[in-house]
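Next come two complexes built around subunit A: one with subunit B, the other with subunit C.
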Partner chain A sequence: MGNKFMRNVYMVPYMVWVLLFVIAPILLVLYYSFFDIHGNFSFINYERFFTPVYLKLTLSSFWYAFLITFISLLVAYPTAYLLTKTKHKRLWLLLIIVPSWVNLLLKAYAFIGIFGAYGAANNFLEWIGIGSRQLLFTDFSFVFVTVYIFIPFMILPIFNALNSLNPALLDAANDLGASKSTTFRRVIFPLTLDGVKTGCQVVFIPALSLFMITRLIAGNRVITLGTAIEQHFLVTQDWGMGSTIAVFLILIMFLIIWLTGFRKRGA
Partner chain B sequence: MKKLMTAFIAITLVSILMLVAINRLNAAQGYSGDETLTVFNWGDYIDEYLVSQFEEETGITVIYETFDSNEAMLTKIQQGGTTYDIAIPSEYMIEKMLEEDLLLPLEHDKLSNLHYIDERFMDLPFDEGNKYSVPYFWGTVGILYNKELLPDKTFTSWDDLWDADLKNDILLVDGAREVIGMALNSLGYSLNDTNEDHLQEALKKLETLTPNVKAIVGDENKLLMANNEAAVSLAWSGDASEVMFENEALDYVVPEEGSNLWFDNMVIPKTADNIDGAHQFINFMLQPEIAAKNTEYVSYSTPNKASLELLPDEMAEDERFYPAPELTNRLEVYENLGKDMLSLYNELFLQFKMHKN
Partner chain C sequence: MQGKASPAAKIFLMTIIFILYAPIFYLVFYSFNSGGSMSGFEGFTLDWYRELLGDTRLLIIVLNTLVIALLSALFATMIGTFGAIGIHALKRSKNSILGLNSVLIVSPDVIIGASFLILFTIAGIRLGFYSVLLSHIAFSIPIVVLMVLPKLAEMNPSLIDAAKDLGASRWHVFTKVIFPYITPGIFAGFFMALTYSLDDFAVTFFVTGNGFSTLSVEIYSMARQGISLHINALSTILFLFTILLVGIYYVISQRSGLKLGGFRR
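Let's turn to the complex of A and B:
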């Protein structure tokens, strides 16, 4: 009896955690989403979500989240690949992770200085002869800063996948006459696909609901679902609408995880 | 296995014991009762030195917490987890808190310094007879602009912001009432307008401002204006005077069509536990010397008439921050428009933010 009983006992903290901090909040969000601004039960929030304002908001959130994920991947994959080739892998990896220990807001404020009209970035542009231009409060600065913030989360899973790749497979590909690019396409990339998927999930989902960066770096010229949720909870006190947007975000999250996880089983 | 089981039980027991002990200790001293006073104020809105002085004079320990919007403050007080003894909401929020029965009436015989407040700021519509609130600071909403970056521009009207020369040069604040109110004022409507056609008209007008808008920001506009990042900003008078100390090129004006006049006020919320201490605190802050010191630090406009005489002349006589009654009569105080209107204002504001030129 002892063994089975103990296993159940060990499960207790985990179950309590999941129940209190995962299931209960999701149920609460779902519950609130069925109440209008006066606290009456209704589906009005769901109707409102399908009006042009919120649909446009959803589309624009998607577009930026996609851009951020795509650019992160473009930068992260080669970086992770190079990291596995270096001598002191762990040290280099640490250097990439260290910036993620710095508070997000602090980094955002630092970028306000760097991208400012008289900031370091513009000084550099001036020096190489391009001339200064507006960087802060543009799409460019928004995507740049978010990519910078998310990139460690993209590099880590890809690095792990690349690092655990059996070198014998590469030798085999080489022996069998595969060119470098074929080896990459047919051996390396498929075997690290799981890492890429994890990285994309970890970046795409938070990118959908960013809100502080949209104000600090993009000056509210970029509006995401996160901005709308913040506004409904803090300003209009319309918790119902805020929750409804959150419900859609959760649904989208499940969809993405299901889509990216689906192929693995098929393969 | 048995050892593990014993350890598990022991840890659980110890945790429970500690929880009980913490509860006991909290109840026995601090965090509630006569020895402490929990003050809930806007960020950077008091000279903290005065808090220590109050502690020394009365022996009460002050727990000081801050909020960054009236709505956030309301939410916390509604939840009632903390025993806030003093809060400092704006006027329209006081109306709302009264509706929801969240305030305690003041005992005027405990506020011997109340007579120092200027008559102009007493007995206002949101709290007639000052039964629940005492004015803390007041101010306006206006245009903060950089004279050096815009040498041949003058600002007298809201419409000056629509000038094509100001392309990508204006900062707005991230507040639906402020921005839509500005558009309503520029069209000659009241900033408390609830006519949906007028509001749609205001949105249309705001959308034509988009090419001039550099960003819609929060408190960062102070930093950005101080660093010459933008030439013009919508601003609260107190924020304006604060950055004008840092950047001499800046000037502030309240447009002639009218604008918002606001009051922040000390109240005692229902959550209060140390009601006597709360009165002591309000009375302390009303002393002319204390109010003057606080004004010099915060740099918003004080409603305390006696303290004005203790301020440096260039501060007390500055018409931009102490406008004459003729001007303030033209300004409007935000009314509590109700949840539906607030929601509409915010929906329109969201549409404006999403509008691309």
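Let's turn to the complex of A and C:
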């Protein structure tokens, strides 16, 4: 009895944390979603969520997140693959990861300069003869910047998966007469699928919810679920509607984690 | 997967690395521009740095950010380490607790921010230093747990049995056996918590009141007003600081043998 009590005593702060900062916030968001802007109990927020305005917003947010995840994967997979072929792979990997340590806002801010009317991107377009364009505050710049920010997060899990692949399997495939593309399709890719899934998970969920990149880079051209939540909580003060969107975002999050299989980040 | 990298492969990798670093160096480059904009370099100047370092309001914000990061990492490490030891000893409910543990790691920042805002409002905690500190402690705890747990798992249980057989008290078992063994995990957790806190923007943005600001929030409000080369100067300093942190981090991860992701929110 004494032992059991002792064991529980030092876990008390942790359990308090679980109750106060994990369980309570989710319940509070759920609770608030049932109140309209005047504080009356109603289902109005859910009715509003299923109107074309919010459904379109959800769909476009999904579309952007999908696009961002897909492009990141297209760039990250070959990069991770080539990284495993280099001599000092840990060092190369570190080089790829360092930019992800720089504050995200600073990187987004850099693109305000680069994509600006007289920025480097437009100078380059002038130089190759296309002529300058409006780049900032377009969906293109939003997707580009977001992909830029998330690429290291996609590379890391794929690299880890590729790196732990048993080379004997590749030799075996080779000995049995498989071509390079067959080896990739039937051996390498299926065995690194878990890394791909983890990468997609760590890119897709933030892509749905980051609001600062849309605010800084896309102006109000792109509204994601995250932007909508921030708008409702901090600008229009309609916490009920904000919570309702948050409830759906939480549901989507669980769905994605269930689809991609839960793995801790960076695993 | 050892092999040879073809020249094409090297060019591809170099291109990716170039793209990853170009925006950062773009910022650094223009921080020395006397022209005042991020296009057209007019002349070399250190004025932006001088003004930045002379800005007392900003220095206070930097100090706030550091205090929040150190305090939150310290508390999160204590709570998380004891939590991990508790979880490690659990049998039946281990998986459900681990599930709850990872909720805040996978949750989008907006959700964490919004739900904490509701929580603090209901609890009557005034938004400012304490609300930010509490939030940072809260979202750093799970990562500390995840850093400490593997160390506990790889510890041979007979070490504890041996200590007990030799007459060590529970306190001695903890301070002389368990704690020294998991120290690398604790340090890794502390460091992760520190970087989580320093880097966080979205959660802080929700729970910070009017009078209190951290560096990320300040950068955001500066950047929303458009280009100011003060931000560029600031990013140079922060980039150098990051390189320093990466160096420390690298040494710690090499020593502790933990496979650390460079994961940030």
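Criterion: the second predicted complex is superposed on the first by the 241 of 267 C-alpha atoms of A that agree within 3 Å, B and C clash if a C-alpha of one lies under 4 Å from a C-alpha of the other, contacts with A are read in each partner's own complex, and residues count from 1 in each chain.
In this section, a residue touches a chain if its C-beta (ideal position, glycine included) is under 8 Å from a C-beta of that chain, and two chains touch if they have at least 3 such contacts.
If you're wondering where the values come from, they're calculated on a predicted model, not measured in any experiment.
**Student:** Give one word, clash or fit, describing how subunit B and subunit C relate on subunit A after superposing.
**Tutor:** The answer is clash.
**Student:** With both complexes overlaid on chain A, does A:Ile112 touch subunit B (first), subunit C (second), both or neither?
**Tutor:** The answer is both, since A:Ile112 touches subunit B and subunit C.
**Student:** By the touch definition at the top of the document, which applies to A:Leu216: first (subunit B), second (subunit C), both, or neither?
**Tutor:** In the superposition, A:Leu216 contacts both subunit B and subunit C.
**Student:** For A:Leu234, select first, second, both or neither according to whether it touches subunit B, subunit C, the two together, or no partner.
**Tutor:** A:Leu234: touches subunit B and subunit C.
**Student:** In the superposed model, does subunit B or subunit C contact more residues of subunit A?
**Tutor:** C
**Student:** Can A:Ser60 be said to touch subunit B (first), subunit C (second), both, or neither?
**Tutor:** After superposition on chain A, A:Ser60 lies in contact with subunit B alone.
**Student:** Have a look at where A:Ala120 lands relative to subunit B and subunit C in the superposition and call it first, second, both or neither.
**Tutor:** A:Ala120 sits against subunit C, while subunit B stays out of touch.
**Student:** Examine A:Leu255 and indicate which partner it touches, taking first as subunit B and second as subunit C; both and neither are also allowed.
**Tutor:** neither
**Student:** Check whether A:Phe153 is in contact with subunit B, with subunit C, with both or with neither, and answer first, second, both or neither.
**Tutor:** After superposition on chain A, A:Phe153 lies in contact with subunit C alone.
**Student:** Give one of first, second, both or neither to describe whether A:Pro167 is in contact with subunit B, with subunit C, with both, or with none.
**Tutor:** Only subunit C; A:Pro167 stays clear of subunit B.
**Student:** Would you check which partner chain A:Gly242 touches, where first means subunit B only, second means subunit C only, and both and neither mean what they say?
**Tutor:** A:Gly242 sits against subunit C, while subunit B stays out of touch.
**Student:** Name the residues of subunit A shared by its contacts with subunit B and its contacts with subunit C.
**Tutor:** Touching subunit B and subunit C on subunit A: residues 3, 6, 112, 116, 118, 215-216, 234.
**Student:** Taking the complex as given, what residues does subunit C use to touch subunit A?
**Tutor:** Within the complex, subunit C contacts subunit A at residues 1-5, 9, 12-13, 16-17, 19-21, 23-24, 26-27, 30, 37-40, 78-80, 82-83, 85-87, 89, 97, 100-119, 122, 138, 141, 145-146, 170, 195, 199, 201-202, 205-206, 215-216, 219-220, 223-224, 226-227, 231, 234-235, 238-239, 242-243, 245-246, 250, 259-265.
**Student:** Of all residues in subunit A, which touch subunit B in the complex?
**Tutor:** Residue list for subunit A touching subunit B: 2-3, 6, 9, 37-38, 53, 56-57, 60, 112, 116-118, 134, 136-137, 215-216, 218-221, 223, 227-228, 231-232, 234-238, 241.
**Student:** For subunit B, which residues are in contact with subunit A within the complex?
**Tutor:** Residue list for subunit B touching subunit A: 1-2, 4-5, 8, 69, 71-72, 74-75, 168, 171, 174, 176, 214-218, 220, 223-224, 227-229, 339-340, 342-343, 346-347, 350-351, 353-354.
**Student:** Considering only the defined contacts, which subunit A positions touch subunit C in the complex?
**Tutor:** 3, 6-8, 10-11, 13-15, 17-18, 20-26, 28-29, 32, 75, 78-79, 82-87, 92, 94-114, 116, 118-120, 123, 148, 151-153, 156-157, 160, 162-163, 165, 167, 170, 201-202, 205-206, 208-212, 215-216, 226, 229-230, 233-234, 239, 242-243, 246, 249-250, 253, 257, 262, 264-267
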